[in-house]
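So that we are looking at the same thing, I have put the structure below in structure tokens.
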Amino acid sequence: MILGGNGVADVLNFDDKPKEECGLFGIYGPNLDVANVTYYGLYALQHRGQESAGIAVSDGKRFKIHKDMGLVPEVFDEKLLEPMKGFIAIGHVRYSTTGSSLVANAQPLNFRYLKGLISLAHNGNLTNANEIRHRLALNGSVFQTTTDSEVIVKLIARYGQGSIEEALMKTMIDIKGAFSLLVMTEDKLIGVRDAYGVRPLCIGKMGDAFILASETCALDTVGAEFIRDVDPGEIVVIDGKGLRSIQTLKNPRQAFCVFEFVYLARPDSNFSGQNVTLVRREMGRQLAREYPVEADIVIPVPDSGIAAALGYAEASGIPYMEGLMKNRYIGRTFIQPDQKMRETAVRLKLNPIQGILEGKRVVMVDDSIVRGTTCKQIVQMLRNAGAVEVHLLVSSPPIHYPCYYGIDTSERNQLIAAKRSLDDIRKFIAADGLHYLSLDGMLKATGLPVDNFCAACFTGDYAIEIPQNVGKYSMEIEVD
Amino acid sequence: MILGGNGVADVLNFDDKPKEECGLFGIYGPNLDVANVTYYGLYALQHRGQESAGIAVSDGKRFKIHKDMGLVPEVFDEKLLEPMKGFIAIGHVRYSTTGSSLVANAQPLNFRYLKGLISLAHNGNLTNANEIRHRLALNGSVFQTTTDSEVIVKLIARYGQGSIEEALMKTMIDIKGAFSLLVMTEDKLIGVRDAYGVRPLCIGKMGDAFILASETCALDTVGAEFIRDVDPGEIVVIDGKGLRSIQTLKNPRQAFCVFEFVYLARPDSNFSGQNVTLVRREMGRQLAREYPVEADIVIPVPDSGIAAALGYAEASGIPYMEGLMKNRYIGRTFIQPDQKMRETAVRLKLNPIQGILEGKRVVMVDDSIVRGTTCKQIVQMLRNAGAVEVHLLVSSPPIHYPCYYGIDTSERNQLIAAKRSLDDIRKFIAADGLHYLSLDGMLKATGLPVDNFCAACFTGDYAIEIPQNVGKYSMEIEVD
Amino acid sequence: MILGGNGVADVLNFDDKPKEECGLFGIYGPNLDVANVTYYGLYALQHRGQESAGIAVSDGKRFKIHKDMGLVPEVFDEKLLEPMKGFIAIGHVRYSTTGSSLVANAQPLNFRYLKGLISLAHNGNLTNANEIRHRLALNGSVFQTTTDSEVIVKLIARYGQGSIEEALMKTMIDIKGAFSLLVMTEDKLIGVRDAYGVRPLCIGKMGDAFILASETCALDTVGAEFIRDVDPGEIVVIDGKGLRSIQTLKNPRQAFCVFEFVYLARPDSNFSGQNVTLVRREMGRQLAREYPVEADIVIPVPDSGIAAALGYAEASGIPYMEGLMKNRYIGRTFIQPDQKMRETAVRLKLNPIQGILEGKRVVMVDDSIVRGTTCKQIVQMLRNAGAVEVHLLVSSPPIHYPCYYGIDTSERNQLIAAKRSLDDIRKFIAADGLHYLSLDGMLKATGLPVDNFCAACFTGDYAIEIPQNVGKYSMEIEVD
Amino acid sequence: MILGGNGVADVLNFDDKPKEECGLFGIYGPNLDVANVTYYGLYALQHRGQESAGIAVSDGKRFKIHKDMGLVPEVFDEKLLEPMKGFIAIGHVRYSTTGSSLVANAQPLNFRYLKGLISLAHNGNLTNANEIRHRLALNGSVFQTTTDSEVIVKLIARYGQGSIEEALMKTMIDIKGAFSLLVMTEDKLIGVRDAYGVRPLCIGKMGDAFILASETCALDTVGAEFIRDVDPGEIVVIDGKGLRSIQTLKNPRQAFCVFEFVYLARPDSNFSGQNVTLVRREMGRQLAREYPVEADIVIPVPDSGIAAALGYAEASGIPYMEGLMKNRYIGRTFIQPDQKMRETAVRLKLNPIQGILEGKRVVMVDDSIVRGTTCKQIVQMLRNAGAVEVHLLVSSPPIHYPCYYGIDTSERNQLIAAKRSLDDIRKFIAADGLHYLSLDGMLKATGLPVDNFCAACFTGDYAIEIPQNVGKYSMEIEVD
């Protein structure tokens, strides 16, 4: 399909950050304009996916669906939302990890099976999707998208002779990996979280209405009250009789993604009762305790390094300054400068402030490094602006391993820490000092038990079996 | 998905004509820009479907697909076609008969099954699609579109363990109804026509390349040579080894849709060697023989009545005049006039020429009447412009029955001839005379054997079993 | 400004016809939705200009204006027209003769001068625009468009101390050339026609409302009654007190453009009481009288040659056939075929019907030839389809001279008849015979006095002084 | 003209900040892709105007111009910039103060006068535009836009018999008010600053190329070196012979807008050598000295209050916390929530973090207050999140008077400080404390002499005569 201004290909790739793949928002609210509420909920979760957005609404008989490539306010307007009447809605924002950046892959996925209509939204990544896909194809299944989520849909339909709850329980036995799911039937809203609780999902309430959302910030935005997180292995079913819980397989060891605390989640969200920005500030304090540096100022790499930089400054007593100005108008598109102006692309986004940096020994705090290329450019910019020393302090450990559970950290061979020693990295980015927060320091800063977390990207200790032959499933169809 | 200017809902409904549902164009051409050739082929077949257009291309490994709502030049431009490189292409233009007017229903349909990729384009209508759909759902199939064509796709996949040719042969045993199909695999172009030959499909050649198309006008446009029609029940397979034919079930009685000659096909196309416009002119002559009228001038309802009106004038000796001016710029959209200007909508499209009509006894020739509402308005316009008598002569018999084989003639209760006697119709449209061409006269004018044809809309004699419980399959999903 | 799908550059240039430059429609109607009526009026005049469309409405105090590149239904929709409330409106469709194809040049032009607001729409071409522009620039005027019309606006403002009628009378003394104008002030609708009456303008009435329009077909479309043509040199002022006329300079010799009858106007329009299509049919009859040819069939070049071909067939007794099928879906854009498919572009638009042409001696009738390139291609197509002889008969004389009064006939050196003898042209287009209607025959066919007409493109006899140094005024600003 | 998604009307009006009206960027660079450089320069100046953007390029003979409503990356893409070749370019971003939000008012304005082509971009506001407009209309001038800038254009043309420099000098004598101008002729780039230096304009150099820009951050972004500010009353002319200066009237008292330091300019820009973010931090420190408050945390209203909040925290020793989370994805459009969700609109943009605020006495720092409505909502949100005390500290004095020099502070009757006492304001916003920085404190924090500044919005002391009868000039034409 033709996309208005398909910014997808133009996404700025400065960020050098792992990419969150999806955000979920669902509501069961008989007296509410559920499509509008979902719109606001998705707006609050926009940081979890900027490639596509979609909403499906049930009025008890029919589904109305709209989804497209783009940000929430680009995909939806009053005219589109107005006819989407109903009492249940689920919505999805997506950054693709499996499947290409195509509108056909946008979610929620909608289909009719033996028992009626189903709409499904998925956050996470299956580790055995290819296996199941092959198994289904042998039985004559066809695939129109390249997403893991279509695999889940097909399984639900295969088990479709009984109730939807039974079909989901059977499906959860087949699929491996990380998944938080929202499922909508004509008259039910269902939330599912995998046995390890890798991806977040929480429950809120607004009057009589129930809400399921990836992060608490979405509850705040729509004015709902936080009730509790969905438990690992739990199926939450909401219908006319209220909310009931089915506890399926729950792994003894949980594996909540620690990177949600480090970078992915919005600062104002809470997980397991811990506020994200306060955890990040504590990571900064811990960093200062682990690596005290003699310096004149502490500056963040905006915006993701701000909380940790404030923590570092607080614990170290070194003044916090805003040494890098971020252009708030840089959107997803701009024209690539030619060779003559190669620094312009970076300066368009970040401009060092000479009046702050000149003659200073600088501690620059960032939350994480993936490939290291952006750091290198920033360090150079700081020196050009007069910084006499630049020490890079990172508020998480080196990323050594890829994530198979739904975060795009790039291939292993692109991870700078997987290839180079600490000192080599320091030399590569040309910093005077480079320090990463320790694994223990990071986990301690969360204020939660250590074995709650998946930290496999730092440790290689994968809680859930990973596939031998990794790679995006090649559908070899490019539908645009 | 968001449509640029979704004209669909705005289609002018003056026409009061049966709607053709689809046009097909496929090419196997190793040294050609197959996407471009298909674009021109679809352009020539635009009259067969104006709702959506799509092209899929195979380069031997991958498919590139683009489809969207709109006319061919609205859906495609250079930038979109340029990257669609390959050596096989199939294309489709669509006016929906089953399935709603949604981009998800646009064709070709593309999918991956056990043996690889398949793209399918369909012209026609299955009479047992709901039955098969239910049978498949019991086995766990899910449906994402509301088209008959998805049913065909699922069956091919169910029979997917053997060769594609075998899968098609098995599928043809299951499905009932009218279908001309184009199927593309990674390395083959396949054409299929149902056992009755209801919908057309012909073979052309351009250098080494083979072409399959709904009408010969598409061959002319791309500069290809006409080879022959695909036979009823024939599967034509084109690949690196050339063209080979598999003759499956061929019904003794054929049932080529006579309405292709009456109205649907382009005047410059030929079927079974007979040119469409010459057949229409002969229908007009036959009409004059059957119903001589005393009149001063013969005028057509432009454009579809022109050939028959010329025939009528020729055979009757009454001068042919252009008494109605058609606005060539009326597109698919215009703003509905309010009550004060209710005649404006019609006059925007057709304006009677007073200088030609004043004081004249007029024979007006049209090819067919469905609901009769437009005729009524035109007759009134002619009188207002000074015509003293208006005789409506129709170059086909009254439409008494709906079509189940892919032509949208509206529900039976909307067919004016199904509800009213000839004289009632004449009174309704307020004409001085009304005459329809006889069934025999129509069939004779084709110059082909009578039992070649399906004329069920005139006679109720359905060659292929029709479903008991008719109606568009309600998917109850509205995806936009 | 950014144009949606700027078809402008993609206009098919097959037509090889002079281009009409503009259509005007204005209404003074206190109880009507004047913007809507103007929309329908412009729709009926779309053939006079397809590049841009615009409407301005006065509510007595303010003007609401909308204009853009594109066809009327592309430029306007309900949402845009809805807020355009008022009791006077003027509208304009444009094909550029002076000024580039830019939205800044779209009309009506709107401005505020000493006495208030003025909106102006212009059909025609000034011959002394550059002279006046230079004169005004010496006094400090600036120009933001490249149109003649801005020159008229500036002159009205210079004479703006008195009444608008006085300002127009003074302006008409300064400007030379062809012009029909609509002028709207806060409370008046004014129509102006130049002293020679080169471009048409007529008056209609619909209840209490008055209408001014380029052609009578626009009156028919909106359901208005034709009153009379505006006289050469007449100013027609319509306001709350009704319609009054100011007769300024009227040239003894009129110079109505005969090409309006030959090609430009819509067949259902009348000028000086003569219907256009009947005049064209008579031209065809006259052509048969002047040049009888031995042939089997008469075919038109659709659509412009149809009326004359019918006349030729009628007078000669040779059967009229539709030998060329015109694709009704060819819009303003399509993708240019590459070299391998060079005939495709023509065939996309016109397809010869072999069944009609094979073995026939063909008389092909067209209304006019400008460069001759398209004729040449069509003649070749007819031969390829089996025609044994092709005689081209043209229902107007050879075009020897360019038009300076608002019709784009191309530069003189592109006019085939200006460069080649009749026999050379015949050889160039490779026809067996070539005949043009005589000047006298053409003028006689109009049924009007010979000295009513400007036929300068045929004769070189320019009624109004033409500029020495011709050429589009180069503004050297390209505003997009 | 039709705007894609006319965000204009949808601009979020939370901000409650004065609106900067324009940003200017010009370059004279024979060997550079001047259109691209200007694009990046405008991108860096986007904060100065988000309604429209435009670029004009001269190649020595012709101008290429593109402008439209929207942000820089929305208005321009590679395809549009590619053909804009030349060696001089000027660009403009605009937030309208005079003139409506219409594309016709977008700049640069381009025109042809006696001596050739001129393109003009204007930052500021004339105080005698209506007077001059009337004077010009008496002489027959017409106006097509509602901007002050068109008045300047007309004056230049009136004085157009001599050189462009002379015309500019004469024009500067006529016009009163605030203006920084860029003027481009076929071969010159000219910068002009009014006699009081109200609006900024600086000079940069990049290799041989000269740049003129509103702020130094644009120089940084394109990689240019800062040379100096343009002086009040100075005309800077850049052509093939280099840069030369003409010093016209320079007022003894300068009047640089102090609000550039307070809020308008980008933090990384410098004026008169003073860095904006450091000045803002010092304002925060000064605020802490003037108004020490007993509190637990200092939080900013993001983003404009951050620098001052850091300064306040630093000087007071109270910890700086990020208590309000700003949604980075809130663009210019979102759907208005209905009554049931009235808090959602604010929470969509700003979410209080309970974990930080609960039980705390909060000092909240903002840079300025216009109407006070947003403050009131934020204070309420903080309390709902558990803050026990909320003190609002504002790093500039109360705004008592409107600005006539190009900043949109709203009408006087909307300025909360113009209508209410300090204590009334505090009650209105329901804060426990409210303190504004003193005028002296603010000016001292700039580090520059007091009489350099215009602070009329705080003091009512207008350096330049203001008009008696204020109000946007009503053109009474609404062109869209």
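Chains: A, B, C and D, in written order; residue numbering restarts at 1 for each.
Rule of thumb we're sticking to: a residue touches a chain if its C-beta (ideal position, glycine included) is under 8 Å from a C-beta of that chain, and two chains touch if they have at least 3 such contacts.
Owing to the predicted nature of the structure, the values given are computational and were not obtained by experimental measurement.
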{"item": "Centre distance in Å when subunit B and subunit C are each reduced to the mean of their C-alpha atoms", "value": "36"}
{"item": "Centroid distance [mean C-alpha coordinates] between subunit C and subunit A, Å", "value": "60"}
{"item": "Subunit A-subunit B separation of Cα centroids, rounded to whole Å", "value": "48"}
{"item": "Chain contact graph, described as a line, ring, star, complete graph or other shape", "value": "ring"}
{"item": "Complete list of chain pairs which touch one another", "value": "A-B, A-D, B-C, C-D"}
{"item": "Residues on subunit A engaged by subunit B in the complex (per definition of touch)", "value": "1-2, 4, 61-68, 75, 80, 103, 110-114, 117-118, 137-138, 140-144, 153-154, 157-160, 475-480"}
{"item": "Footprint of subunit B on subunit C - complex, ascending", "value": "32-33, 36-37, 39-40, 43-44, 46-47, 50, 71-73, 76-78, 81, 217, 220-223, 266-268, 270, 275, 277-278, 303, 306-307, 310, 314, 319-322, 325, 327-331, 333-335, 337-338, 340-341, 343-344, 347-348, 351-356"}
